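A, B, C, D, E, F, G and H are the chain letters, set down in written order, and residue numbers restart from 1 in every chain.
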């Protein structure tokens, strides 16, 4: 039942065809998407200008290209994460304006009429091996309408490196910190800023790193109280939470 | 907004006070419980005659008694699981008809006008240490309107014990099997019956039993395909699933 | 020793060839399948018309085809799960009537004289990545004699999608719910239906999804009491338990 | 070496007592807190008016009271988390204006001249057993200068409960969601709001809940991308991250 | 149906009262313990003279005493493991000949007419903290009819201690080795003897000992191929396996 | 220092070249293998006629062939486990009498003058997928001088299959049971025999089987007290322990 | 056989009573402790002046006092770790010179004639909750002959605190770092010093700290290559390794 | 800001261009690496002559070669760990003096003017499968300026092998012990030497070895107090800690 058909029902009360009691009975059994619930969803994307997102892992290049092209017709921005070169080739053919961010493995299309940036964040990573996750976060944040400062290779074994970036850190409204191995960097950054730190454990490391579990546990137990955590390697999610926080 | 107020809204269309378009707009923002959604819930409990359930662990005797008494006013059956002697004393004072099933740690009140049994199940347990969990399942199943055969102390190290119960097993529409340690009994029972087996791992055991984890894993990997599993020590849940299956 | 040879033994008592004491001694050492135990098994498959099942993973196409062909001679239905295209090619050559369900990875042969459907279930999945597991459940359920409604892509992050399916859900005698990542869908569905929910955790996800463990734990701890669980990715088992429950 | 003594050093260059080269040599060995680094810290607390925080677990009532009294002298707000009745008695004696929030186990002292609220958040919990954690979050958030809406007992097994709260949810700039067992609520709430969701797994549950691990994993794998996570039972941390996000 | 009643049935064939076909039909439905299956069990205990065993943990002193007294009537030996002083007091009253082995926490009663020892084993433990487990093994082995050499406090950090016991080790037909912490002793002993080594991980240790898991894993991965393992702290089981091996 | 050189030292006392005190001093610092310790090792292999064993995994075919050929020169039996076809080709060229057991992945060479069998064991496995592990055990046991009965495909979901093998089981001095998935078979077999059961968990299964961990835990928690366990997939170790037990 | 008796044997060669060949035969079977092996042990303690150590956990006060008194008779230093007040009372009575270090839970007795300090180390801890472990390390190190600088409450959330201690850190030959929660401090300290860092994870924390596992994993994955790790809460072990390193 | 520019600032005070207060203000905001902090780092590498280190895993041969060549220009030694043959080919072209250590997978370049060895250590491994890790340790230690004794294939199942090496062990100032499977060797070696033992768990093993976890846990729980541990397979880290300890 569409909003149109609800309107018809209500008009049939007006015209006397249906009694209010009968109408109530029929409304009570309405599928929920027909009663405006789904509109909230639309309101949200309209208000925030958030891009449509495709998780490309496990989809064929053709599937990614199909979905991407369909989404691109709305005129808004579109991104596909965890996308390989093949997927980009297929998308590029269907949507010539699409761009590929190789390290981030993100395919993106800017909105036809982009909005001004919503605010500035910083994306920090401990080592060069963490770059793919950090770039996924940074590139996603860009398409979500944020300005992004990147700070790379500032592991805690050489503190002067992160300490020298305090100016950049201090102007960020949210700081995303990606780190593998022991995942100590978010705690250190958390002590340097007065902003939320979104920690992203990465699967960088070997042995007792357990594919990111050591970093995940370290971040969950951070002694800096302004640290929250997303899933291992989930740069996209960190950027999304950051955008939600900045765009209020 | 209650059903009554929706009716008023619809009547205001009839009377011409409100246009159908305005009414559509207001209906789209209705809280969901007001549009009949919660009624499904009521339909369910009315149709099935299921008891109200209180999880007593972590509640004071007074809290249990208060909730129990309030629920008892509907005339339906009521049970409180994981309830100690103290909780029963408090309930007994408020609801004299309540009964205590000590091994099961369940307080129960039968419905004023009980329905005929919905069907027969069997509750099986491997050792006497599993009895509290098995009894929680069996007693709960009784209040849920099932007839229950109990089979106790039929661990797989002495197969003749369970094999001698094949007649009882064969008349059960669902078989609940509680076992700790290696949790092998559900697999064996699953091979003996043509009914669903609901396996309940118990926290019985020590060392590498890991508080029921060994039994849980064993049951999830059962080589008998008719075995499904609930949480460790969750006799109540097993009975509830069984009642749902039998009462279709 | 077959039933025939037991009969011979008993007749030899009648004829005086064997004393009762000698016969008792020999009977005491009988292999159990010879004393009617195995008949229960036959009774079951005859009564329920359940198909023979082959777990094809780890078997060569030739092995699968050989077993499949042998089973097909009984005239009943046959299925092979976790079967690849190669296995199907081999089976097809031996049993021309066999069909391949690609997403489900199931090869099936309908019974020569199929029985009427035993009842209706629903198979629900959270995302398109869960489809292979959901289809294994749905296809298996079909060969087990059930009618199946499929509900796809109704993850809990967009509740209106599952809420709009309440009519389909309400007519199911059992609901199978497949979900990876956080595995929250069975809890939500469990609150919407008055039927058993068989939850199937899938290995969909990454990082802290731990190959389905996060979903498995979520389902075992469901706050909906009508939820039980099978092994990760075990669509077949869910269908089998459902068939057992419906066909009582 | 204090800023004063650095100034003296620099003045001694001006006066000719010290050569620039000698001064450089001495400055290079300065402890870092003396070179202004610690000032950032002071700037932060001054700018944000954040309370001083004591983690009372494992400290004696006397220790808590001593630290609390010392901190109270600054005139700002002070809180002690995980504090028992005994600790409050000791604090109350030393700081008569302190208040005790029993369910939250928080002792608090409002600032002498409190600032206007910085923004509004919602604190949601799945069941009454999650209340202590939710209250720790809500009470802490209050002392951190936020307005807080509380939404209690809206578990996903009865969706209408959370759906009916959409108005309250929609006005929150951040939503904190506390849940034990399967931890599914943050995913559902995440789909209903356009704000960051800070998920707090609680240790509520038994068996395969593993003291909050099941909920933690569920939340880390949320299919709603606007969900981030803090440690099990860490209501304080969730409030702190929320305050950081709101007070930018 | 007892063997006697089967005999009656067979005799009724002989006498012509029953036809062989009828008898076959009745035999096919016999509970298995009636067809001689349970006799195997009796044969075993008669042949081996194994004691009856009670697992006393979680049973009341009265329950232990009741079962103990009933078992003692057969004249064979009886043991109760994991038994406290209270349980012994109750048993002692009912069965004056019972003895208590305090460190082992075993109550035992020797058979009225004991058999000669079946063979000699050694029970070795790494530290004095492992003694309760080692004594449970040694005392149990004694009641199972084995001669036992005890070797105590021979941890691998001082190799000369175990090396000096090579004579004692070399005369053992089975060696039971109990060790906590890193559980390295079974590997070392395994290299010194030409006999099966039954390794018993103990829950001795702290931190990353994880209640015996570190020792368990060490023993399962022993580089000595003659090592097998039982559950953590399961001294009883080790003795039972040893008795089975020696008494062939 | 060899035994010869020790003898020289002692003879130099006799001849007066060395004082007893000097000799004591030199003897105290002797490497242990020189004082007869290593002889124990030789005594063992001579007495038991145990084969030399090569763990071929991770070695090149050439390395395996080299070691194999060197060991073969002693005239005793030699085996290489976890060996592929390539390794066999290389060994075959160097030692023409070597044989390959494909399912077991074992290369073996019988002793030039084999001893009579030391005793009989049974090797049991639950499903055909467990065959490689069971065959590794059975083939190894053969080279270790045991007679082996193989019992295949007797999973606990169809009990009549294992029950029908009680004669074969009863003549085994040790029973090796290999099982994956829930690993319940050793418990069932343990209840049927009066012999030690050596349980070998296999990595057969998927999902919550966790590569053999579920089976391992099930076996460690067996309710049959005559069960001990070796590492996952360690058929070789089970055979070695069995040989040690039988050859006493 | 003691060294004396070996000497007798050698003298009997000299005297002609024994032939060298006979003596060789007897020496080959000597228990190892008799051939000087145990002397190495004595050499070590004599050379290093290391104290005797008692692990008091799980021992009665009387047992601790007995062992302590016996050890004290050698005149060297003695320590008992994990010792409570009761144990100290008992020790004090037997050995009046003993001292109790309450936070460290160590009872110590200095050597009658102590050696000069062997070198200087630093013991660092992240928070006051880590103090018991840090003190166990520091007090033990003192009795092991080291000079110890203590640095307390320098968690990574406030970097200026540890940075201000660089002078103290730089004069340490080994740095012991105790930290719970995320265990990040050793990585930070490792980057500041040119000395080995011995990291001690503590069980401080809650939730996903898992009793010290999060800290342990963090330390094992440290990005500072000069970090090694001991067991959770093992302050004693860290001190012992440090003493070994310094006293070369 | 470089030291030069700080000097300019200080000179501008001297010349009167800048007031001390202004200079203080500018100094307070200096990035830390400019105030001498980074110099500590330089001091350290100059004083110790430690090589530059590249972790080659996950870098392309070109990247490794580029970094290697740049580092080589300082004239000090350079090493790249976890480097394959391809990486070496690329490095060799850029830096002809580089050498490849194949088993260790290390590319190394000796310093132009090497220092005399700083001390002697031993690197011990249990089996030949542990050699790659042991060689990574030994080769790294060589470039770090240590003399290294290698002891191979001395697993604890044949104790005489390690006991015969006591002379070599006794002259080592640090002993690195690499072992997989049960990881027992460090405990045994720890009892034989009066030096720190750095234990390196290796990922050698299968089944319950869990990729080195069993060895790791064993080593963390060592009963020899002079044992500390590094990450699984981290031979490089062990050598680095050893060098730090020796070079004090």
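In the analysis below, a contact is a pair of C-beta atoms (placed from the backbone, for glycine too) under 8 Å apart; a residue touches a chain by one contact, two chains touch by 3 or more.
Here the structure is a predicted model, which means the values were calculated and not measured.
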Expressed in steps between touching chains, what is the minimal separation of subunit D and subunit F? 2
So which chains count as neighbours of both subunit C and subunit G? A, D, E, F
Pick from A-B, C-D or D-G: which pair repeats the contacts of E-H, with over half of them the same residue pairs? C-D
Which of A-D and A-B has more C-beta contact pairs: A-D
How many angstrom between the C-alpha centroids of subunit F and subunit C? 39
Chain centre separation in whole Å, for subunit E relative to subunit D (CA means): 55
Two-or-more-chain contact residues of subunit H, please, as numbers and ranges. 32, 37, 158-159, 163, 166, 192, 207-209, 213, 216, 220-221, 231-232
Write out all the pairs of touching chains, ordered by chain label. A-B, A-C, A-D, A-G, A-H, B-C, B-D, B-E, B-F, C-D, C-E, C-F, D-G, D-H, E-F, E-G, E-H, F-G, F-H, G-H
Subunit A touches which residues of subunit G in the complex? 126-127, 155-159, 163, 181-184, 187-188, 190-192, 205, 207-210, 213-215, 217-224
For the complex, give me every residue of subunit D touching subunit H. 3, 6-7, 10-11, 13-14, 16, 19-21, 23-24, 27-30, 32, 35-37, 39
Subunit B touches which residues of subunit D in the complex? 129, 158-161, 163-164, 166-167, 206-209
Subunit E residues touching subunit B - in the complex, by the definition given at the top: 31-34, 37-38, 41, 57-58, 201, 203, 211-213, 216, 231-234
If you look only at subunit B, which of its residues touch subunit C in the complex? 37, 40, 44, 47-48, 53, 119, 166, 170, 173-174, 192, 194-196, 198, 216, 220-221, 225-232, 236-238, 240-241, 244-246, 248
